[in-house]
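The following pair of complexes shares a single chain, chain A, combined with chain B in the former and chain C in the latter.
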Partner chain A sequence: MIEAIQDQLGNPSDFTAETMDNGYAKMQICFFPGMCDMDQLKDAVIVPFSYRFDPDEFRRMLHTSVAFMKDVPANHLADYLLKGYVILGYEGEVFVFRAIRRMQTAPDQTQVEASLQGPQSAFTENLDLNLTLVRTLYNVPDLSVENYEPGNLSKSKIVLLYDRTKCNDATLKEVRKRLENLDHGLLLSAGQLAKHLSQAKYRLFPITQLTERPDRLSMHINKGKLAVLMDGSRFAILLPVHFFDFMYAMDDHYEPSWMSNFMLGLRYISMLLTLTLPALYISIVSYNPEVFRVQLAFTIDGSRAAVPYPSFIEVLLMLFMIEVLIEASLRLPRAVGSTAATVGGLILGQAAQQAGLVSSVMIIVTSVVAISNFVIPNTTFSYFIRILKYGFVAVAVFAGLVGVVVALFMMVVYLCNMRSFGEPYFALFQSKARVAGSKNR
Partner chain B sequence: MTGKRMLSCIVCLTLLLVLGGCQLKDIDKRYFVVSAGFDYSNDPAKPYRVTLRLALPSSKVEEGGAMSVVQTVDAASIAEAVRHLKATVDKELEFGHCREFVLGKELVAKDGIYNSMQWLSRRRDIQSVSNMMIGDPDALSVVSLKPKSERYPGNSLFLSFGNEGTESAHTVTTYLFDLYRRLYETGLDPALPVASVFLDAYKIDRAALLDKNKARLYLDPEETLLFNMTAFGVDNTIIVLPDKPLNIVLAATRNTSSIDLKGGSDPVAVVNIRIEGFLEQSPPHLLEEDWSGLERKMAKHFAEEAERMLYKIRDAGVDPYGFGLHYLADRHNAKGSWEKWKSLYREIRFDVRAKVSIQGSGLIR
Partner chain C sequence: MIRYYYYHIFYVGMMNIMVLVPYVLISHRFDGAVSSFPLAIACGTLYSFVTSSVFQRFPGLGLPEIYKLFFPVWLANCLNIIGVVIWSSAGIIVLFSYSNTIGIFFDPEASSYLNLGIMAIASLWAATRSSRSVQFAHEVLLVVSSPIVLWILSKALFSDWLDWDAIRLVAGAGIRKPPSMACFFAASFVFSGHMNITLFNRLHPPDLKFRFRWMIPIVGTFFLLVSFFVPIGFHGTQAVGNYLYVWSVTTDSLMMKYGFIQRVLYLFLLLYTFLSLLFVMNTWHTGMEFLKACFKRYKPLTDEVNVPAVNWWICSFWVVVTFVYAYYTNDLLNRVVAEMWLITHFIVESILVFMLLAFWYMKKKGRMRRSEASLAPQGGGS
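What follows is the complex of A and B.
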């Protein structure tokens, strides 16, 4: 047995394959020490086999304990080894023992979706722990968990979660089909999986939502929707989602409703601002200066006097700078990050205006665009908005204010046309009738 | 993205840069016209003298910091004059922020407002909420005045109208859209404020009443106040009751007026007006003596004055109140009813029903 496995694995140096002999019996054992929990292996196998060896008891233990699997096909043994299982050969029989080393034992702190007063625990990169977190929050017997193991290189375990009594059958069928047909070289993160699940590559808005918060996931499942968890990723995929789901922070459910409604309004205004402000700047400066008050017209006129290039080059220049700045502060180590912000934000902005490259109003526009983009609670969604903004800029360059208005209209039409796994994406109200209908089916 | 698509994208983006040389007129390549004046030049070949006040923008807005230049040209029509003016400036003329149009007194007397209105209402960049006025003695003097108190060019004149800055009851506010409506509406005639230069400021305390084209009657400041109160119901006015040694003055804070026609074939034009306010000036303890008597006396005095003004307006043959429109709207619009009204209006009697209510003396006992 050992030879066959060693042949298959190519005898790597981090692999241990031994034949143990305690004087009474022999046992073949092979495992990856790095991937196995050595304490568990010692307690469950080594001690009974060596110090307290009793042939009858040992045989009985191997055959009855749930920790040992028997009758595993020979060609799958290598797969189990690679996941951190231990393979034992005893008396001509092969047993597989689960001794996977667990890196994490406690839930993570929230990092991306911070909450002021809500739960602070987030998903980890360990699937079992994640399932525990979900089960604790959504403690009902109707919670279904389905395992999927795609036939790809990383073979990460994927789990589909839903509430049996509440979920929509059509959506469930569709998602199951897509999960079964998953076949991709390396599947490394939930974001990648979400991309594969949503299929169309050039969509303008995300149709799945990534979250690190178990409370968000529980709430989503409670609404009759589905969630996908993946081993090795601390993000869960929620689907199907609506446009408006992205604008909710979990705090909205925990804070007084006056405050949360106000914040919600603030977020929508911010989203519109970050989407249209550069385009509006171009169209007002270059096409329709009569739109705003005469004071502002004169101020912009005066501050633009030193700027040599047309407004859209000014806008593209500043947007480029701010995007570079955001990207740089994201990739830099934390200690250097604040330096980048200081250099970029303060010095560059001030100097660019004094050098006459951009107008002072443009600096304000840029900062408003950058800041309001961060107000959007969901990172994926804010990325999409960040990109969409350039579409509006392009339209404004050629068609001015009318173009921006038409583009906004087209965006709404596009949103109305979109479906997230069969559910209307831009639906303001969730269709209760349909959810109820699916329950009766 | 394949290499080819990437390349075509890059080419398209590079083409964007070339746009800088195109006809993209940025805000700094435009000259903002802040006020425009039209005069009569006394030259039959080029009767229109167009004066534009162009703003020189600065990024700092401060008192007295307004800079502007004034350009004048004579031409056969306003449209031609504006085209010609473009040759004398270095940037594109932008009328989007021009909210003041001044028509010279002579132009209104000789050519009328009709031709100017044609140009004003056809240009798409001229706002319908622009203020219209008559310049006395000419538009040039009004447009070219640069008051020291201006924060930015054209601001001072703009603030004089409506409720933007000062709320003077002597100033009649007429917007372009309203003037256009009154020009074409049967039975409703236009009224325009008259602006003149007084020291280093504008004086807009008179009104001109026009028929469909030319000025028929210029009201003096006292009549303008009465006209503004009865026709437009402006608030924040005063009523004066002559008295010895000091006049009694009521500061009106609320003022509502409406017109009506009473009587069938021989109608009486009724102007209802309600005025509320407090006494700004009076002998001591006047209210305790006879509160309602004083109210009645003030109302009677106001009605007499207003009626005198109304008869004056009637005799000038104009109808800025819209009595004619009211007459046509009230009755079955048979053929000849407009002609009938015209003969009726010449002899019509007015009845001003004023109701003054004094809220107090403004003093705390």
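What follows is the complex of A and C.
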């Protein structure tokens, strides 16, 4: 047995394959020490085999304990080894023992979706632990868990979660189909999986949501939707989602409703600002200064007095600066990151304006755009908004204010035309309408 | 779901400004505009009640499907074509007059074809979507823009500069004159939001009850009176006749004291960009679906995932027609065309209402050529 496996694996140096002999019996054992929990292996196999050896008891243990799997096809043994299982050969039979080393035993702290007073625990990179987290929060017998193992290189386990009594069958069927047809070279993160699930590559808005919060996932499942968890990723994929889901922070459910409604309004306004403000600046300055009241129009024009080029160059320049700054502070190591932010902030804040490269109003516009973008609670969604604003800028350059309004109209139509796994993506007052709509079909 | 029906009522009420209804009414302000209002209100309300009652008897069927229930194919197709012409020409007229308005008030220097082109592309793209998407977009944009439109209207109504004497004079003088036919046709357009049900009834669930129908005369009367009398109150009984885009000039008489924008005109125009695009989207979409219903292989779908190529071809044709129209007409000619369109629209609407009553009767007698279920539109597609 050992030789066959070693041949298949190419005898790597982090692999242990030995024949143990305690004087009474012989046992073949092979495993990857790095991937196995050695304590578990010692307690369950080594101790009964060595110090406390009793041939009858040992044989009985191997055959009855649920921890040992028998009759595993020989061609799958290597797969099990690669996942951290231990393979034992005893008295001509082969047993597979699960002793996967757990990197994490406690839930993570939330990092991306912070919450002030909500639960602080987040998903980890361990699938079993994640399932435990979900089960503790959504503690009902109707929670269904389906396993998928795609035939790709990483073979990470994928789990589909939903509430049997509440979920929509058509959506479930569609998602199952997509999960079964999944084969892609290396599947490394939930974000990548979400991209494959949503299929169309050049969509302007995400139709799945990534979350690291078990409470968000439970709430989502409770609404009759689905969630996909993936081993090795600390993010879950929620689907189908609506446009409005992205604007909710979990705190909104835990704080007084006046406050959360106010914050929600603030977020929508911010989203609209970050999307259209640069475009509006261009169209006001270059096309229709008379739209603003006279004093304001003069102020803007006055601040642009030293700027030698048209407004759209100014906007593109500043947007380029701010994007580069954001990207740099994201990728740099923490220690250097603050330096970059300070230097960049100085340039953006003061020097550029004093040098007469941009107007002071443009600096305000830039900072409003950047800060408003951070208000959007979901990272993926804010990325999409960040890109989309360039579309508006492009329209404003060629068609001015009317172009911006028409582009806004087209965006609304685009959103209304989107379906997230068969459900309308952007439709108001849907809770009742959806029931009526499904009856209609 | 009933709210979708009232959205149409509501936005056609607001849209009358862009089909030059106020212009037609105001040009007849001393000879029979006012006296035609009661007639138009009664007639429009009656028509709305009839259409909604009849379509309630045919749940989930659009007008093309109902034609097929009772008529031979060639007749149904002829009637569909009439619908196509009426609907799509409405979109073309609005597109032209609105892009001209934008050209006059926003950027007089830019080529008028640029604005027309942008708006035509947007409408082309919006109209080719599925019926359900069109409905959603309609709802979202209307919910966003109508509060602001109503705010502007109330600002106008409560403005100090609104001269109630002029309004009283016109109302008093006009009511004694015999009603004018042109004004009657124009005024009844305000109530014709119910006509959109001819297509969007496809999306209505079978158990839909048309409640709150008493709102129709109230909403219609409000918009009719406002769009006629407010400009008179601002410009006076004589000067009001000088303007073609009378409402744009009227909102320019309003001022916002606080805020970045001082002249209400710009806010108004930007909002009406949304509403006009909505109107074009709805009319072209309806026209497109009616035209598609003439093909034999066509199966009505309300929520197809992929837009069929034929949608693009039909709507692109209308874009081309719009450009040709824009090339050969000007504002004055467009005014005449709009007036003719209003008249034709009313006549077609009347014929349709009588046909619907006949359908109602024939259904009671069971004289249907095909079964309703075989014609009912499906939700999704491939």
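Criterion: the second predicted complex is superposed on the first by the 428 of 441 C-alpha atoms of A that agree within 3 Å, B and C clash if a C-alpha of one lies under 4 Å from a C-alpha of the other, contacts with A are read in each partner's own complex, and residues count from 1 in each chain.
Please note the rule applied: contacts are C-beta pairs under 8 Å (C-beta built on N, C-alpha and C of every residue); 3 or more make two chains touch, one makes a residue touch a chain.
In this text the structure is predicted, and so the values were computed from the model without any measurement.
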Once the two structures are overlaid on chain A, check if chain B and chain C clash or fit side by side.
clash
A:298 contacts which: chain B (first), chain C (second), both, neither?
first
With the two complexes superposed on chain A, say which partner A:397 touches: chain B (first), chain C (second), both, or neither.
first
Taking the superposition as given, does A:413 touch the first partner, chain B, the second, chain C, both, or neither?
second
Check whether chain B or chain C contacts more residues of chain A in the superposed model.
C
Is A:221 touching anything from chain B or chain C once the two structures are fitted on A? First, second, both or neither.
neither
Can A:312 be said to touch chain B (first), chain C (second), both, or neither?
first
With the two structures laid over each other on chain A, which partner does A:288 touch: chain B (first), chain C (second), both, or neither?
both
Taking the stated contact definition, name every residue in chain A that is touched by chain B in one complex and by chain C in the other, in rising order.
288, 290, 294
Which residues of chain C touch chain A in the complex?
1, 3, 60, 102, 106-107, 110, 114-115, 118-119, 122, 125-126, 129-130, 132-134, 136-137, 139-141, 143, 203-206, 259-263, 266, 270, 273-274, 277, 281, 305, 378-380
Interface with chain A, chain B side, in the complex: residues 16-17, 19-20, 24-28, 30, 32, 34, 55, 57-61, 94, 96-97, 99, 125, 127, 151-155, 158
Chain C partner, complex, touching residues on chain A are 287-288, 290-294, 296, 399-403, 405-406, 408-410, 412-413, 415-417, 419, 422, 424, 426-429, 433, 436-437, 439-441
Which positions of chain A touch chain B when the two form their complex?
284-286, 288-290, 294-295, 297-305, 307, 309-313, 360, 397
